[in-house]
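Following are the structures in question.
Next, two complexes with chain A in common: one pairs it with chain B, the other with chain C.
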Partner chain A sequence: MNPFDEIAVEEAVRLKEKKIAQEIVAVSCGPAQSQETLRTALAMGVDRGIHVEVSGPEYDTLQPIHVSKILAKLAQDEKADIVIVGKQAIDDDSNQTAQMTAALLDWPQATFASKIEKQNGELQVTREIDGGLETIKVKLPAVVSADLRLNEPRYATLPNIMKAKKKPIKKVSPKDLGVDTAARIEVLSVEDPPTRQAGVILPDVDQLIVKLKEGGHVQ
Partner chain B sequence: MAAVACKSPNLMRGLSWLAKRYYSEQIFPKITTHYSIVPRETDPRWKDVNMERFGDEADVLIVGGGPAGMSAAIRLKQLAQQNSKELRVCLVEKSAEIGGHILSGACVDPVALNELIPDWKDKGAPLNTPVTTDRFSILTETSRIPVPILPGFPLRNHGNYVVRLGHVVRWLGEQAEALGVEMYPGYAASEVLYHEDGSVKGVATNDVGIAKDGSPKDNFERGMELLAKCTIFAEGCHGHLAKQLFQKFSLREKCEPQTYGIGLKELWEVDPSKHRPGTVEHTVGWPLDAHTYGGSFLYHLNEPTPMIAVGFAIGLDYSNPYISPFREFQKFKHHPSVKPIFEGGKRIAYGARALNEGGFQSIPKLTFPGGCLVGCSAGFLNVPKIKGTHNAMKSGMLAAESAFEALTDENSKSETLGLEPKSYEDKIRNSWVWSELKSIRNVRPSFHNPFGLYGGLLYSGITMLIRGKEPWTLSHGDPDHKRLKPASECKPIEYPKPDGVISFDLLTSVALTGTNHEGDQPPHLTLKDDTVPVKRNLAVFNGPEQRFCPAGVYEFVPLEDTSGQRLQINAQNCIHCKTCDIKDPSQNINWVVPEGGGGPAYNGM
Partner chain C sequence: MLRFGRVLNLSRNVVPFVEVNSRGLATAPQVARKGEEVEKATSEAKESQSFTMNLFRGVMETAQVFPFPQVLNEDQKDTLKMFVDPTAKFFEEVNDPAKNDTLEAVEPQSLEGLWELGAFGLQVSQDLGGLGLNNTQYARLVEIVGAHDLGVGITLGAHQSIGFKGILLFGTPEQKAKYLPRVTTGKEFAAFCLTEPSSGSDAGSIRSRAVLSADGKHYILNGSKIWISNGGLAEIMTVFAQTPVLDEKTGKEHDKVTAFIVERSFGGVTSGPPEKKMGIKASNTAEVYYEDVKIPVENVLGGVGQGFKVAMNILNNGRFGMAACLAGTMRAVTRKAVDHATTRLQFGRRIDSFGTIQEKLARMSTLQYVTESMAYMISGNMDSGSTDFHLEAAISKVFASEAAWTVTDEAIQILGGMGFMKECGLERVMRDLRIFRIFEGTNDILRLFVALTGIQFAGAHLRELQKAFKNPAANLGLIFGEATKRAIRSVGLSSPPSLSQHVHPNLVPAAALAAKSIESFGQAVEATLLKYGRGVVEEQFVLNRLANAAIDTYTMAVVLSRATMALQSGLPSAHIQELMTKVWCSEASGRVAENLGAIRSSQTLENFSNLSAIAKNVCENGGLIHINPLNF
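Take a look at the complex of A and B:
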């Protein structure tokens, strides 16, 4: 499971343990292997799973906009109060799904959450931002995205995995949800980063100036 | 030194006094924190921790999801279906995904698969590369001497397939799941459990949430007890639980100690014009000297991309502690007849694993009350044929048949609570596994002769021609860990620097294995005595562990305050090859299983 999503699942389970949430539904979009990811979520304490089956070439071009539309539709169908996701996926590093899902639903969003508290029917969320920490209040229903320091996820222990086999996973397709998965972004190229040039040890400052001038770094 | 000693005993006494003071002041930092060495029962940090375990019972439990384990699981379910019986079969595997820890050449003889799943081709088994060309050569520093492979030689590969064994195991896993086997990858069996009568009751999976210093973390969870009427151990070469079982049930009393090799392997995508799918090449000789057993393999695979599998195996009975198997492998790739295939190519994978070489003489007693050993855990690899998968699978199938008999025979009364599949050992003796291993039993030990490689090749040629009918059985001699000579008696080896195009450095290679472990856990390379690595391994043998580990786990680093060194264990690099447990001359290293899910992430190795 994407590590940030694991943190999101853990937070959801903690909200349920604190009796703030009543039921947790986990959603995964992908081929048959996504069921294993859902089983891990079920083993951590999620109540039921929804597997949106996307495989083959359709899966290769699945992009955040599609996932956001799927999540938005499911959130409406399931009458969810909170949609919580990881802040970004570690394969594409897009960091877009939470934000777009909130926009599609017209719900408030609290991204990069490092602490979530419920106060008077609203969520008070502490966010990690470049300059430090920002605390905001959002009305429910809302979309939240989990950052690294929100919690440390529990292990999905083997007895829980065995129990999770009995929990239900519903299978749907993007078409059932009315989502068109045609690619909106075309990947032009993927390249390795340029190989690091070896460093050179220079004997004195004069040599350094010569080298800098040669490289055009200094007039 | 000796001359000085003779002339002035006072000087010698003074020096030895200095040495003693130096050592006692030397800091031996604590390295091992694992509970198998530092017990939790007497540890105050564990006083209030609930150590209860949840348990579940199956009919048969299989430890390890490799070819042997999978074959046993599939065979059990086949028998259950044929006989309309209900059988709960569970399989645990420490790798996060089935096939993730599998590494092998591999050129497979499909004889066992043909018996297990005759319609494997229709079911899509990934045996895509039938062998078309077979070559065996002896390398010298500059040339390559071809050796003809006569029909009847075990090395002849007609009818065999080059495979990516990790993918085959993954496919076997899918077949097993379809038959209803409960598979639990990502969970390591860490402890054998016993009934009161001493028979095996099952295993316990690893605890999670223990910090690096051995204390419990907030998310500490006890492992689970997986109990079974019969437990089949299929951990592969030098399994850590099998090591305990050998001791507990004295399974090795009547056989020779197992001998081993280490195999390193890389996958390359090469220039399509150089790619000939179905080509199998083996070499012996350079870069090894005449007294170090080993050789290379190079197989051209039939995959969507022009892929080759290349690797090098070295017998772990080598005597020069300066040998680095990894660097010998990298050196081999630069041979003038080998280098061209890599030019214009790209390396995409690397890995390593220990393998059994003991064969017939080293097969232990296979059954014990409560279970049995299959596959490389017992040791059925055929060295001259360079194949073990077919024997491993067959042994798994025979164990399954035997366990099924023990479970369903209403007449047999077991003396112990754990069932012993007693007929398994007889089944093995009456099968082609036994006769095959017996016919080539003298090949490997014949290399321990004054002419080394050449004497071995000569004798092996003869014994293979007469199918091992000679009335004697050669012994392997000392076990591998006793074979190292002190560093002072050996010449250090100057290895060429990796060029970054064909040969590579160790750490870049380790990155390709995808190995990862939870960082905050006790190192799973445990030392019985934390002082031995510096006091003995470094002092006498110049620290061979820093050379034979194919993942750079062991490093001798300078101490901060005093001059001197300490052993640093980079447990996160470990690729679970087991070489250190085998070759440590002090037998001080005990490999235990880390948190499940950790280790290499091989894809079709």
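Take a look at the complex of A and C:
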């Protein structure tokens, strides 16, 4: 499971343990292996899973825009109050799904959450931003994305894994949800970064200035 | 009748006329237990499904060996697969074996994590707080533990493999309902308390005593136990003590061992400080003292006077676990050696290009393969409902503990100086492994157990034959069959039992070697009985060689079976499994021939008697008699 999603699942389970959340539904879009990811979520304490089956070439071109549409539709169908996701996936680092989902639903968003508290029917979320921490209030329903320091996910225990086997996983397809998964982006090329050139060891600062001037790095 | 007599005279092995007193032999396998009433040998030869038992008769019983048992259904496999990753993850990320070793205790967060993980109740049924795993599933998880931390392995094993196993095997429904939840979700530790200062291998000679109180409601226990794993932690203990029992036949009272479930909270139970050990330092080992402990009579486990049987069954039942655990250890240790051998350059080349290193790595791989195959074969037999696995379990414990020691030793050698350094982690594994040849039945006792139990079984069958001769008219069929068999054998016309129909075509030659070993076994055992009769009990030099030959033969059958399965399923590793099996059978069959030949060779027997004399002198002298070449 994507580490940030794991943190999101952990937070959801904690919300349920604090009796703030009533039911947790985990969603995974992908091929058959997604079921195993869902089982891990179920073992952590999620109540039921939805597997949106996407495989083969369709899966290769799946983008955040498609996933957001899927999540938005499911959030409406399931009458969810909170959609919580990891801030980004560690394979593409897109950091788009939470934002797009919120926009599609026209819900407020609280991204890069490092702390979530419920106060009077609203969520108070502390966000990690470049300048430090920002605390905002969002009305429910809302979309939240989990950042690294939100929590430390629990380890799945073997008894919970056994219990998870009995929890239901519903299978649907993007088409069932009215989502067109045709590719919106065409990948033109993928290249390795240039190999690092060897450095030079210089005897003193004067030499350094000479070299820098030669390279046109200083005037 | 005359013709019949001539046929008999032709064959050299005329065993029927030797007085084989199998009642005497009955005391033999139970060498360790004086003063304990011995199970009387039945006068009828029992049948057994055990490969090893039948080996001693020269009979090839393959029911439990071919095909390789595959006992998990799809659901059990799925569940197990789901368990493997979280368990491995816990041992890689949470448990710190080096820290545990330095602390000489399992770190508290690790211990707590293990309870949460469910690791302490793997084989308890789900409704009583466990995971309900069968033996094969247990073996798979215990492999992971062995690969990472043997100290934790013993903490877990002392708790469930022996600590409360008696309750699983012999407990009444009330005892199970009361205690199993406590040792799983209740997080109370369990321990197996048998050994005493004057009773180790000789378990029947324990001195702790439990006497029935006047009102008949309690047993009052007094005694002390040493080297009890989890002794300092356990709340629930399986304790063995002598109880006075009335012999109905003689009307006399004598002591018999009884097993009890004892709670520390009964009062009078104290434990000593943790022992300082060579290895498995993280595991708690302590003395436990019982002073006027009141045990309710409902806590007798398995019946009054049945303690010895309870103890032996508990140990037998858990033995395959050790083989599985050590297979995991060997896998991890070999990985380290391979990592090093494939990167280290000396003399301008990778050291794995040198034959010396190749031989080490190949033997390490093969020893691991044999051990692992045995562990799963035995667990598979047990899960299929077999009750005839005790010799195989003993063999697997002996083999696994010695193989793991050799493999780790060689891994350290391959790593050179680095292998000796604490940081590398191998020295800790080496220190941890030493105890495995000692506890849960020393390898020395287990070898004698295998040899003598096998001989007793063979002897009982021969006695049947002998009885048949007392009444030949009624038993002509048996006698003719036997005589013909021996006559044919003595003129060299016999064809050995064949394994070729059980194995893949590629393995037929290797299987023929194994079959030859099986055949020569029967003759060797008969000759031994012929020579020593019931006195064979005292011939440990001979018994040890028979045991080693039995181990070599059983392991040959095991790998032939597993490699056949691999070849038939077309596994990617099938070819390598085939190679390891071929080498193993070639070398093992050579050792069998050597061992079985040795016990009939006068040169070897002279060596044995010289060795005995040397030992006697060294002991009388309190040490070595010779000084040094300078004589001062």
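Keep in mind that, in the parts below, the second predicted complex is superposed on the first by the 219 of 219 C-alpha atoms of A that agree within 3 Å, B and C clash if a C-alpha of one lies under 4 Å from a C-alpha of the other, contacts with A are read in each partner's own complex, and residues count from 1 in each chain.
Just so it is clear, contacts are C-beta pairs under 8 Å (C-beta built on N, C-alpha and C of every residue); 3 or more make two chains touch, one makes a residue touch a chain.
Since the model is a prediction, treat every value here as computed from it, not as a measurement.
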item: Side-by-side fit of chain B and chain C on chain A, or clash; value: clash
item: Which of chain B and chain C A:39 touches, first, second, both or neither; value: second
item: Chain B versus chain C as contact partner of A:152, first or second or both or neither; value: first
item: Where chain B runs into chain C (options 274-282, 436-444 or 454-462); value: 436-444
item: On chain A, the residue positions that both chain B and chain C contact, one per complex; value: 155, 157-159, 161-162
item: Contact footprint of chain B on chain A as seen in their complex; value: 152-155, 157-159, 161-162
item: Interface residues, chain C side, partner chain A - complex; value: 78-79, 82-83, 86-87, 89-90, 94, 113, 116-119, 126, 131
item: Chain B - residues contacting chain A, complex; value: 54, 56, 184, 187, 205, 208-209, 218-219, 221, 223-224, 226
item: Residue ranges of chain A in contact with chain C within the complex; value: 36, 39, 43, 155-159, 161-162, 165
